[in-house]
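Reviewing the structure listed below.
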Amino acid sequence: MTIRLDKNGYGKNAIHLSKIIRHPDRQEIRQITVDVALQGDFDEVHRTGDNRLVLPTDTMKNTVYALAKDRFSASIEEFGLVLAGHFLHHNPQVSVVEIGLAEDCWQRMQFDGVAHRHSFLNGGSEKHTAFIRQHREGAVLSAGIKDLLILKTTDSAFEGYIKDPYTTLKEAADRILSTSCDVSWVYTESPADPGALYGAIRGNLLRTFADHKSLSVQHTLYAMGEAVLGNFPLVKEITLKMPNKHHILFNMQPFGLENNNEIFIATDEPYGYITGTMSRD
Amino acid sequence: MTIRLDKNGYGKNAIHLSKIIRHPDRQEIRQITVDVALQGDFDEVHRTGDNRLVLPTDTMKNTVYALAKDRFSASIEEFGLVLAGHFLHHNPQVSVVEIGLAEDCWQRMQFDGVAHRHSFLNGGSEKHTAFIRQHREGAVLSAGIKDLLILKTTDSAFEGYIKDPYTTLKEAADRILSTSCDVSWVYTESPADPGALYGAIRGNLLRTFADHKSLSVQHTLYAMGEAVLGNFPLVKEITLKMPNKHHILFNMQPFGLENNNEIFIATDEPYGYITGTMSRD
Amino acid sequence: MTIRLDKNGYGKNAIHLSKIIRHPDRQEIRQITVDVALQGDFDEVHRTGDNRLVLPTDTMKNTVYALAKDRFSASIEEFGLVLAGHFLHHNPQVSVVEIGLAEDCWQRMQFDGVAHRHSFLNGGSEKHTAFIRQHREGAVLSAGIKDLLILKTTDSAFEGYIKDPYTTLKEAADRILSTSCDVSWVYTESPADPGALYGAIRGNLLRTFADHKSLSVQHTLYAMGEAVLGNFPLVKEITLKMPNKHHILFNMQPFGLENNNEIFIATDEPYGYITGTMSRD
Amino acid sequence: MTIRLDKNGYGKNAIHLSKIIRHPDRQEIRQITVDVALQGDFDEVHRTGDNRLVLPTDTMKNTVYALAKDRFSASIEEFGLVLAGHFLHHNPQVSVVEIGLAEDCWQRMQFDGVAHRHSFLNGGSEKHTAFIRQHREGAVLSAGIKDLLILKTTDSAFEGYIKDPYTTLKEAADRILSTSCDVSWVYTESPADPGALYGAIRGNLLRTFADHKSLSVQHTLYAMGEAVLGNFPLVKEITLKMPNKHHILFNMQPFGLENNNEIFIATDEPYGYITGTMSRD
């Protein structure tokens, strides 16, 4: 019997890096987490334990910190492209480099309408993400948002679905819609200002969610993807993952009370999980 | 041998409740988690399994949802006092009721400066908390903030400490100070508007953190407590817990680079943990 | 512009189900978590909000509990095949059903060498997993282990790797090797007794890990995959994910002490992440 | 206004340490997490930022690793006493040292009934804990178990409780009882062999849980505490925390099926939370 190594990959995950960027009038904090993964000609590494082609994951980590000094001053998309290019260039045994980045959203503190020079507040679970898949012929750049927790108290319904012998769910003409959304989109080419474009796409996604007359999670997911594809020509594909953070009507009948669509049990599990990938035809 | 039951307590934890409050021009979402605990004359329950004095924790949960319908329309402090009073009044076997509440901070979405009527964004890890300890003679009301993640990039030092044979830490005249702060304070009496007072105290804590010239975490912790005790006469005691979210200078010397206090390793564990409780003398 | 829905999928995740199976001389506890996902002809659902082809995720959940009564008495692999078949058969609009299952490993308590009839202890983080991808032409069955936390204190080295300007890692002839392993394998056809086969494969993986003279994580990963492919003809492909749970030598030189490879800092992040997929050539 | 610092404490939490202990015929892995906290004369530290009496938490961490080399070879209770004594002895400004320790339960792998020399499997969520509170007059030593996840499928009932207008819970003559138990006990004096005594007490707790005819969680909690106080004279006080890991009967009536106490929804939240502290009268 001979064994084929169909796929391989290795790298360093969860490299947590903070950088202070000092301006004359204020300081910035950037806090990111980086994952590095390499694929390539690693058959002998696996078969015989010959490590001559192995760049240690500890060295990957050091490289990320060292390159951050001069090359991380703008968007994570740009820093990720630098990292991907560096690892591919210096490692001929590697065919594909994947770099994943996630940035914490620190908000500058404000007092009486004045932004503080150097103090920040946690901006929520939400993270700005980027992903680069770099091979010898070029790179594919994606950006996205992770753990974007959003909720609307109305303009959401779920009716007219299949009824079968296991159905107990009641139709809802007006319900809470909440999701901890993961969105990512692929660019046709690297944008001139990835940070600004990210902000614009994020705003478009939020506004679509807020204003949509939702007939299902799928319906809203599609509307959000359609809006981004319609408004941003540089986006060629978008994927949305929308777990349904269920808010279930609490049954008050046993107590002789009526629940006028106002008191809900917020549950974590089990949860509906809706995904879709969309592009232009 | 006879056994003494020195302490007992039981209740329901992690009751997740959402409420929509509908106004003519907008809707509000309130999302809270409630813990209920009872202490009292439960010796026979433990010794013989006689459950005649046991209010099931499932019933506590139902009660929280049912009372939320008419009694939860303002602050969590006020709703907590209602719950504590209810359980004490209806359960003569109970000597102490403890109610803990934590509210998620949803932020209303804004588009072009206009607040959306019914759509919300996750406001971060931060939670507004309240705690009521109610006994037959009266209630003690506390409020607080949990998981308040804050950071300043300068105006923080740590120098002049003990050096011993196990010391390797280098003194820092300028470092990142970051903490996921838990603060709680005890009121001398129930405030007229607990929600508004909470907001004012929170603002005072943030501003003190931002403006303080910190010589240690202890030093800043004390300044924050002192500010609240100095500005808010209704607060009689304040407790701060400030885990140190270390940002450690990355050593670039092996690569021939200088780290001018700009690139840091953000670590989770181990972490410094600083606590203090303060009152007026 | 027209939009193409390239991929879609929806379902219910994290359905937590427990079953007691009663035998004359003992009782069994089975505790599983089930994920259900459907793909198919859902274009109109997304575009117009027409829900006529939508089986609600709440109904999927009910179905899992209802079918567990009569059909979940042996392995999770067999129950998963039942669920996949059920959803495909009753939903002509669906082209693919994916069922993921994970079972907690409860251990029966033993006292003085005697197994207790009905009491159990948590068997660790480890879970037995199964995954079924069912389409109209047939089903692909995978099984696996998740969160298998294993460690060896010797017979592991990492030497001879690339040195570059960012290298600081010291070579190690004898180190701790620890990983929280996720393994899954694809069967060529459904085994007669999936539970027994799972146990045999698990034992083979553990023994290979324990006895291997490891020259790198990749080297051990390959040896484990090779052993399973060599010993179990029903396995046609195996994928291993082996995050490196680093145990880093604590530097005692500043204290005038020598660390003879005995005291380590156990770290969580960052972590090396090694993956590979193998099959017979 | 003058401010009183009523309580203060600071230290290092979550120090993760692994040690290999090498025997002629086998190797041992010990993996522990240590928390160190100091209280004392720290008023000036807080008021003025004078750090002359501050032992940095980084130094505490170094001390734990350095002392582990020669002093951590037996139980965590003994190592904790060494650490507490060290910090109190070398820091006259300190009045109280608290050391918390938790040990992971690695299980040696076995193949064909033979214990492997150096390979281990994760022993579950359960941890062995110890806690030392050391002041100038002496030390109080506690030991315990954390996250002990146990379950019994029968011999558990909950009936005869209070019914009120908010009651919907049905009485259960036969239910699943499951808890993720935290237990800790205080010793009158340090045992000769704390590790062996820990094992005996753990066994006694498990057996009592397994064999008890439970009429409520409180009833079982009391029985477990009573057994330990009755059998181990060195234990002077025991505290049990028993969150109820609810397994709720799934309602099959809507599907025309009967649930003969066999199919359950395993839920995490909300959860009942039962606590008690017991001693000899």
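For the reader, a short list of remarks on this structure follows.
Chains: A, B, C and D, in written order; residue numbering restarts at 1 for each.
What we mean here is this: a contact is a pair of C-beta atoms (placed from the backbone, for glycine too) under 8 Å apart; a residue touches a chain by one contact, two chains touch by 3 or more.
Note that the structure is a prediction, hence the values are computed from the model and not measured.
Greatest centre-to-centre distance from chain A is found for D, with centres as Cα means. C-beta contact counts were set side by side for B-C and B-D; B-D has more. Separating the CA-averaged centres of chain B and chain C is a span of 37 Å. Mean C-alpha position of chain B lies 24 Å from that of chain D.
Residue positions 16, 62, 66, 166, 168, 254-255, 268-269 of chain B are each in touch with at least two other chains. Partner chain C is touched in their complex by these residues of chain A: 1-16, 35, 37, 42, 45-59, 61-63, 66, 90-91, 158-162, 164, 166-169, 214-219, 221-222, 225-226, 229-230, 237, 239, 243-244, 268-281. Within the complex formed with chain B, the residues of chain A that make contact are 16-22, 27-29, 31, 62, 65-66, 68-69, 106, 109, 111, 116, 118-126, 148-155, 176, 203, 206-207, 209-210, 247, 250, 252, 254-255, 257, 259, 261-268. On the chain D side of its complex with chain A, the touching residues are 165-166, 168, 254-255, 268-269.
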